[in-house]
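Below are structures written as structure tokens.
Both complexes below contain chain A, partnered by chain B and then by chain C.
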Partner chain A sequence: MSGYWTGILTILSINVIMAYAIFLPVATGQLNLGGAGFQALGAYTAAFLSAVAGQSAWATIPAAMAVGGVVSMAIAFPLLRTRGVYLVLATFAFAEVVAGAILNTSELGGAMGLSVPEYLDYPVPIIAAILVTLFVFYLMATRFGLTMRACHDDDVVTDLLGVSIRGVRVAAFAIGGALAGLAGALYAHTFSFVEIQSFNASLSIYVLLYVLLGGTQSALGPLFGAAFFTLLPEVLRAVLPQVKGALAGLFGIQGALSPPDESWRFVILGVLTVLMMMYRSEGLITRTLIERLKPGRHPASATVEEASA
Partner chain B sequence: MLLLQQLLNGVMLGSVYVTVAVAFTLTIGVLNFLNFTIPTLFMLSGMGAWALTKWGLPLVHTPPFPWPMALLFAIVVTICASLVVERFTFRYMKTKYGDATEHAIPLVSSLGFLLIIENLMRIGYGTEAQRIAAFDWDNTITVGGLFLRVPQLVSLLLALLLVAGLNWVLKHSRIGRGLRAIAENPDAANILGVDSRRLVPVIFTLTGVLCGLAGILFAINYGEVSPTMGEDIGSKAIAGMVIGGLGSIWGAVLGGLIIGIAEMLTIHFFGADTVQVAVWGLLLIALFVRPQGLLGHHSIGKGKL
Partner chain C sequence: MTQTTDRNILSLRNVSKRFGGLSVITDVSFDVPAGARMALIGPNGAGKTTIFNLISGFYQPNEGEILLESRAIQGIPSRKRIGLGVARSFQNIRLMPHLSVVENVMLGQQARAGGILDMLKPLSLFGRSAWHREAEQLLADMDLPTYPGEVVATLPYGVRKKIEVVRALAARPKLLLLDEPAAGLNAAETDNLTAFLKRISETGVTLLVVEHDMGLVRRLCDDAVVLNFGRKIYDGPTATVQDNPLVLEAYLGPRHASKDRQGAAHVA
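After this line comes the complex of A and B, so read on.
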């Protein structure tokens, strides 16, 4: 495989893991706008252990997941007392505090960043992404996954049926935090360098948007969202010059046009987000769509089976 | 004396936050909608003013505007953008039959608009920070050994005037009564004859005016604009709004000033790098200890959105 494709697959794998990290809280009905903060925790844990303590990746990656999971669990208790707008603001604020704290810790390189000695090649993130995907699919198929969906759809009724909503939400938040830590550790080991500027508010926004675009009703949604968002710039790189050339021909513009800009990807993501929220706010992949695409199964009988399972 | 000067600077800095925070608190208080396009509208106004004075209108190639006209035009552009945002985000608010995340539809599409406007600006005018030529009335006066920059003083007074005016409109005018009725209970307001479809654009026009004004005041004060200038100001305005209390206009004023002063004092005592930790730590503490904010009403934002 050429370096171009391995690079794309690495980024895709990290994005998929990150998407699932945000998907789990969202699937229980909590928007997490602090993804970058949790990813930064994992990335810096791995980078610090690898660069300063000289640990191998077999130790740094589990440590990063543990830090991500424990920290998100610790803050989940006060954080999840808040709801709606307050929760969005609190997660956002948490990410900013993490960024600020790292920026002011000289042991972590501050604004200079940290270089990571141990390099992991592309098979590692790909295998990790596949494992995470399988894990989330499994999780959503268990009874716990069912209660997560129930918390999302109607928390009052779920509470009345004897489910500890807070417990489910804290657990989902903590597992999400651990996955974000994993994504961060993989980022540190494949890019060989971490700096806090890469974990900014925009990253949190992108991750949340492509999870919501993909759809939060099933575990397929984030996979599609992350894949689409990662592959879009590559498609644009091929298509945009031709579109620009055609436009130039149409308007009779002479001379060289400016090269296609990375910014177009975000404009397209923004336009798609707005359109999606207008016409299909539940995201691209929904449970109804999955049922309809399954051959030989009637949606009505499927819901009966699910209910009795 | 130095400390007093820093306090004064904090108040001046806070006045920019105040204007943006009031825009945030207005949409949350009345419409229950966290409008994430507000920082970009602020940026649009500042960058717009710069682009107009330097190049004139895009696409039609007019000559550069003289600056008073450019400033006015930038505010108009911002108001128009704000109304476009209303058309494509808030109209799709569904809260009645929704599940736990469905209420966030306008919030998410406003994040989409944030990406659209900011990146179109980058494509059009580049990503670098641009200097605005200083205006000739940019001078410093000294009062009792304290330095005061006139544009900053003007913007503080303008911000306070605007907020006081807004407060009066909300309290005493027919439009304001309608808006407060919507904030209280949209359905009951509609039954009693408040036309929310005509009043909602008023909120977004006000948002445009506030952000537009804040943007050009920032551009005049600091002489520099960039496509990312909204991010920092926007997030600090959010922090100010939360500390003051969601939905409370005077709370937003107080919170914005507190953030401005906290920022200057942190720089004074600990250096510029710790500002982020101080501001966001303050916000996190406020969220945990007193979620309704200093002057906020405890019912807003609780249970609803």
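After this line comes the complex of A and C, so read on.
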């Protein structure tokens, strides 16, 4: 496989894991805009253990997950007291605190970053992404997953039905933190270098967008969201020059053209995001869509609709 | 109250609830005998839903005691009360809109499935779990199909009303609180619901029902407690509730109270 494609598969795998890291709290009704902070925790844990302590990836990856999980569980208790936009701001602020702390810690390379000696090739993140996807599908099929989705729909009634809302939300937040730590460790070992600028606010925003646009009602949503938004810029990269060529042809312009500016890809991405929010605010993949696509479901739902009419 | 509480599944003792300066429930006491089908009625705003919210622990009383099988429960968190045997439905349907019918019913089983192992075992991954089959069986017992996979938001109102009752039953409660179960149903659906509630009662579940449809109340409930402006004004057989001057006054106003006895049946 060419370096271009292995690079894309690596990024795609890391993005899928990150999308699930954010999906778990979002599925319980808690928006998390601190993804980059949790990923940075994992990336720097792995980088530090690999570069300074000389540990192998077998140790650095679990350690990164543990740090991500424990830190997010610790902050979940105060953090989940806040709601709605305040929680979004609090998670965002947490990521800024992590970035600031790393920037000011010379042992972690400060603004210079850290080189990571042990290199892991693309099969590792791919396998990790597949395992994480299976794990989240499993989790959503358990009673724990059911109570997660119930907290999202109506936390008052879920409490009256005997569910510990706080327990479910803290657990989902902490498992998400561990997954973000895993994504960070994989980033460190596949890119061989970590610098805090890579874990910026736009990473947090993008990951949350993968989840919200992919859909939060099923574990398929983040998979589609991450795949769509990771691959779309690459598709546009290939397609845009041809579009420009065709347009130029329409207007009778001949000869060699400069390739279109990179930033157009992000303009198109932004427009698509706005359109999705307007026309499919529950995300691309919804429960209803999944049911509609299953064969043999239609007759039953048709009778129900007739009965109600 | 000299009566022993042993035969009563639920007793309210001098319960008061204020919101700010507003007294919503004032010194209300009544008993619900085990196995009874009791109505809690009164005009809009009388405080019926508030009584349910006090029993289920959504609100704390300012004064008084709530006894479940002779045990004071007002200090017990709302989340733990369903495990003690009190389940409820809501005046406005509060099913989880993005969950399927069976998933909503499985959520109702939660009070019986608190352990970590129960939480981490799949409900339906490769085939149906025991919990899943039980939920389907309960729906079938109540003559409801499972509407496979359909999320409840898309189902008709009358069906969702019944599913909410089934979700409460999934906890295997001793006492079921139903807040206006027939509101919004047509005559046929109401008959169907009445039969459905009778069947639930025959399994030994005590019913406390808030309902405006006096036809349903008379067919289903032997006894009634009537509230007006947060005070109890009647506590006795359903058969004679319309002869009570205080009740007539509450529903019709003081001037009509003596004349229009028949009217109470329609407005109540």
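FYI, the second predicted complex is superposed on the first by the 286 of 309 C-alpha atoms of A that agree within 3 Å, B and C clash if a C-alpha of one lies under 4 Å from a C-alpha of the other, contacts with A are read in each partner's own complex, and residues count from 1 in each chain.
Following the convention adopted for this analysis, a contact is a pair of C-beta atoms (placed from the backbone, for glycine too) under 8 Å apart; a residue touches a chain by one contact, two chains touch by 3 or more.
Not measured: the values here are computed from a predicted model.
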After lining up the shared chain so the two structures overlap, which partner does A:T273 touch, if you call chain B first and chain C second: first, second, both or neither?
-> first
Open item on the list: For A:L203 in the superposed arrangement: first (chain B), second (chain C), both or neither?
Closed with: neither
Check your understanding: Of the partners chain B and chain C, which touch A:A66 in the superposed model: first, second, both, neither?
Key -> neither
First, second, both or neither for A:Y138, with chain B first and chain C second
second
Next on the checklist: Per the contact definition in the header, classify A:P78: touching chain B only (first), chain C only (second), both, or neither.
Outcome noted: first
> Touch check for A:D154: first (chain B), second (chain C), both, or neither?
Replying inline: both
Comparing chain B and chain C in the superposed model, the one touching more of chain A is B
Chain A residues where the chain B and chain C footprints coincide 152-154
The answer for chain A against chain C in the complex is residues 138, 141-144, 146-147, 149-150, 152-154, 156-165, 217, 287-288, 290-291, 294, 297, 300-301, 304-305, 307-308
Chain A partner, complex, touching residues on chain B are 28, 32, 34, 88-89, 92, 94, 99-109, 111-116, 118-120, 122-123, 231, 235, 238-239, 242, 246, 273-277, 279-281, 283-284, 287-288, 291, 301-305
Chain A contacts chain B in the complex at 26, 28-31, 78, 81-86, 88-90, 92-94, 96-97, 99-101, 103-104, 110-111, 151-155, 201, 205, 208-209, 212, 216, 261, 263-264, 266-267, 269-274, 277-278, 281-282
Note: in the complex, chain C contacts chain A through residues 56-58, 78-83, 88, 90, 94, 96-100, 103, 106-108, 110-111, 113-114, 118-125, 131, 145, 147-151, 154-157, 159, 167, 171
